[in-house]
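Note that the chains take the letters A, B and C in the order they are written out, and that residue 1 is the start of every chain.
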Amino acid sequence: MSSPAPSAPRTGGRDVAVVAFAQSNHTRHTDQLSEVELVMPVLHDVLKQTGLTANRIGFTCSGSSDYLAGRAFSFTMALDGVGAWPPISESHVEMDGAWALYEAWVKLRTGEADTALVYSYGKSSPGSVRDVLTRQLDPYTLAPLWPDSIALAALQARALIDAGLTDERRLARTAVRSRRAATANPHAQLRGSADVEDLLRRPYEVEPLRRHDCPPISDGAAAVVLAAGDAARALHANPAWIRGVDHRIEAHQPGVRDLTDSPSTRLAATAAGAFDAPFDAAELHAPFTAQEVVLRRALDLDDRVRVNPSGGPLAANPVMAAGLIRLGEAAALIHRGEAGRVLAHATSGPCLQQNLVAVLENTGGGTR
Amino acid sequence: MTTAAELLAGIPELAGAEPVTRVTIPARLEYTYSPGSAQARFLTALPEKRLLAERCPQCTRVYVPPRGACPTCGIATPEQVELPHTGTVTTFCIVNIAAKGLDVEVPYCYAYVLLDGAHVGLHARIGETPYADVRIGQRVEAVWDDRRLGPSLASISHFRPTGEPDADPESYRRWM
Amino acid sequence: MPPEVLSAPLIVEFPFTRSTGPVLGAFLTGLRERVVLGARGSDGRVLCPPAEYDPVTAAELTELVPLGQLGTVTTWAWNERPRPYQPLDTPFAWVLVRLDGADTALLHALDAPRHAVRTGMRVAIRWTEERSGAITDIACFEPVPEAADAPDAAPPTRAEAPPHDHGR
């Protein structure tokens, strides 16, 4: 009675779990596939895993961006792969699919649906994703300068090096660790890596970042099925229960922020209950090596936690799907019985501007 | 609400300067577009004056141009169906405003043509007839442009009336 | 048999004209007149580029203050191969610059040799000849010779830039 109010209100609601996850084999080009042809196989995969059909799904939510492939309203055509007639309960976010998952999670928590299909896709190959991403920037003071995604990440990496928080050698080690981990991931695009010394002899992309510090340019898609309470228990023997999920955003202007820190990640993690107990593994959406440094600091992850056992976005980075894939990979660790408590993170915007943190566990109850 | 002029008035160096209120910064992105497998099959048949649709194996609806998926059933449509060059007008309008970048003289008649055997209308222009005579149910046929045959719908110049009696409304009512 | 892969060039253009609103309108007016404005937040910090609303309290910000033409690099990244539309077409450094009088940093390009670039270096604005009221009215930054930046050197400020010299 006299205890202080918790930092995030515990709200009533049902337990929600990830009960299926599928992803494409991510590749540099998918010229032979339209977006719906890219998405449909992963949709069919998760439906087959659960035995559900589209018309038995309570809510469908997707995440994508038309700018990547330059195709207006591409998400409406991707919806053809769902079977959306008669009209289904459906929504779309012009964001990474992790935020589509968040919207679906809210629907399930509030009892508006018992099951949800969440999917996302990114087809970057038709355009130049480095340049396309400049169009998400402030149109008055940033976008006219066309600072590409690698340039902005390099400014952040320099700030971290100046602060003594990392160096080029340690960044290369992160790249090697990620891509060697990806050798066990059949969906990854970059599997295996040259050693650190070899990588450090290669030229800079935008100094201090070399090519190995940057994510590959990927086409790919991913889907998950969420279910609430007994529906989740009926659909999977080991549901990956979402114990908490939250997302926070920071100022857009990179010059306003301390680029070496991520208070939004820390706040989201606190609200999601991330600091209540240790993790077996973490799937971090850090497309650039230096961003993993920022996230590890914000999340208090030490070397005992396995980070990105899938290889992470350095091994495959389908923009708009890479965050949802972190949630899916985290859930898959629990589905396979390889972990009991996993942190999943997704990001959006330049230099980790916006961050989502989810805590997944193999036991239900007590959703925060 | 404060205006830019009011904000500038407080700054000696800028007092009286004509305020900027709008800014135009054009942006251009260049892509290489690929249509995917289903649409590629449709497009590559056009130079041979063939209209390749695809049928849903579940609901048997026939889609043209095919997009590779049945939007009703959410499954792939691998079965190809070659359609005749004749169809029925299911809706139309007369366009009097020239669209920027579109190389077509106004006015023109823009219509949905339900090709015989298809279950979605094909976007098309109607020609070789007074626009006042164009009507829903009218029977039309494709006129190919032999100078522009290629993997593009520009291979079809337009549709023109066949002179047949109008189609029975029951034949197209569900697919309007 | 898989169909032949077709491809065609696709150009997407965004010719939007945007309203600037009062704060950005004043900021861009200043750039046209070779004056950089910052916005004072409710905590006293001066934000440049100016924010329209206070990042902490969300209050409408209406106090604009002229800043110096010199600043300090807070972080940088060397761009050996400039891409289309970027501020310079020769190798340059992307920089965040905290202008004198500001508490936050502005993104732009720095025209300097690679070996000269470092965090903490002093830089000055290089204006374009023809200015229209856009962030690109700043062509880039350039290094400041140390002598010119001594504390007792003449303030290299707006005084050098007559406020209404843009040809009207």
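Assume a residue touches a chain if its C-beta (ideal position, glycine included) is under 8 Å from a C-beta of that chain, and two chains touch if they have at least 3 such contacts.
On a predicted model such as this, the values are computed, not experimentally measured, just so you know.
Asker: Looking only at which chains touch which, which shape fits best: line, ring, star, complete or other?
Answerer: complete
Asker: Any idea whether A-B or A-C has more C-beta pairs in contact?
Answerer: A-C
Asker: Taking each chain's centre as the mean position of its Cα atoms, how many Å separate subunit B from subunit C?
Answerer: Each chain's C-alpha centroid was found; their separation is 44 Å.
Asker: How many angstrom lie between the centres of subunit A and subunit B, each centre taken as the mean Cα position?
Answerer: For subunit A versus subunit B, the centre distance works out to 36 Å.
Asker: Find the geometric centre of each of subunit A and subunit C from their Cα atoms only, then give the gap between the two centres in Å, rounded to an integer.
Answerer: 32
Asker: Can you list the subunit A residues in contact with two or more other chains?
Answerer: 31-32, 70, 126, 131, 135, 139-140, 144
Asker: Give the residues of subunit B that touch two or more other chains, as numbers and ranges in rising order.
Answerer: 23, 25, 27, 29-35, 37, 40
Asker: Residues of subunit C that touch two or more other chains: which are they?
Answerer: 2-3, 5, 7, 10, 12, 14, 16, 18, 20, 28, 134, 136
Asker: What residues of subunit A sit close enough to touch subunit C in their complex?
Answerer: Checking each residue of subunit A against subunit C gives 31-32, 70, 126, 130-131, 135, 138-142, 144-148, 151-152, 154-159, 162, 203-204, 206-209, 251, 253-256, 259.
Asker: Please output the residues of subunit A touching subunit B within their complex, sorted ascending.
Answerer: Those in contact with subunit B are residues 31-37, 40, 43-44, 54, 67, 69-71, 77, 79-85, 126-128, 131-132, 135, 139-140, 143-144.
Asker: Okay, in this complex, where on subunit B does subunit C touch?
Answerer: Touch list, subunit B to subunit C: 1-4, 6-8, 10-11, 13-14, 16-35, 37, 40-41, 43-44, 151.
Asker: Under the definition above, what is the set of subunit C residues touching subunit B in their complex?
Answerer: 2-23, 25-26, 28-30, 32-33, 35, 37, 60, 62, 64-66, 133-134, 136, 158, 163-164, 168
Asker: Considering the complex alone, what residue numbers of subunit C touch subunit A?
Answerer: Touching subunit A from subunit C are residues 2-3, 5, 7, 10, 12, 14, 16, 18, 20, 24, 27-28, 47-49, 51, 55, 74-80, 83-87, 94-98, 104-109, 119, 134-136.
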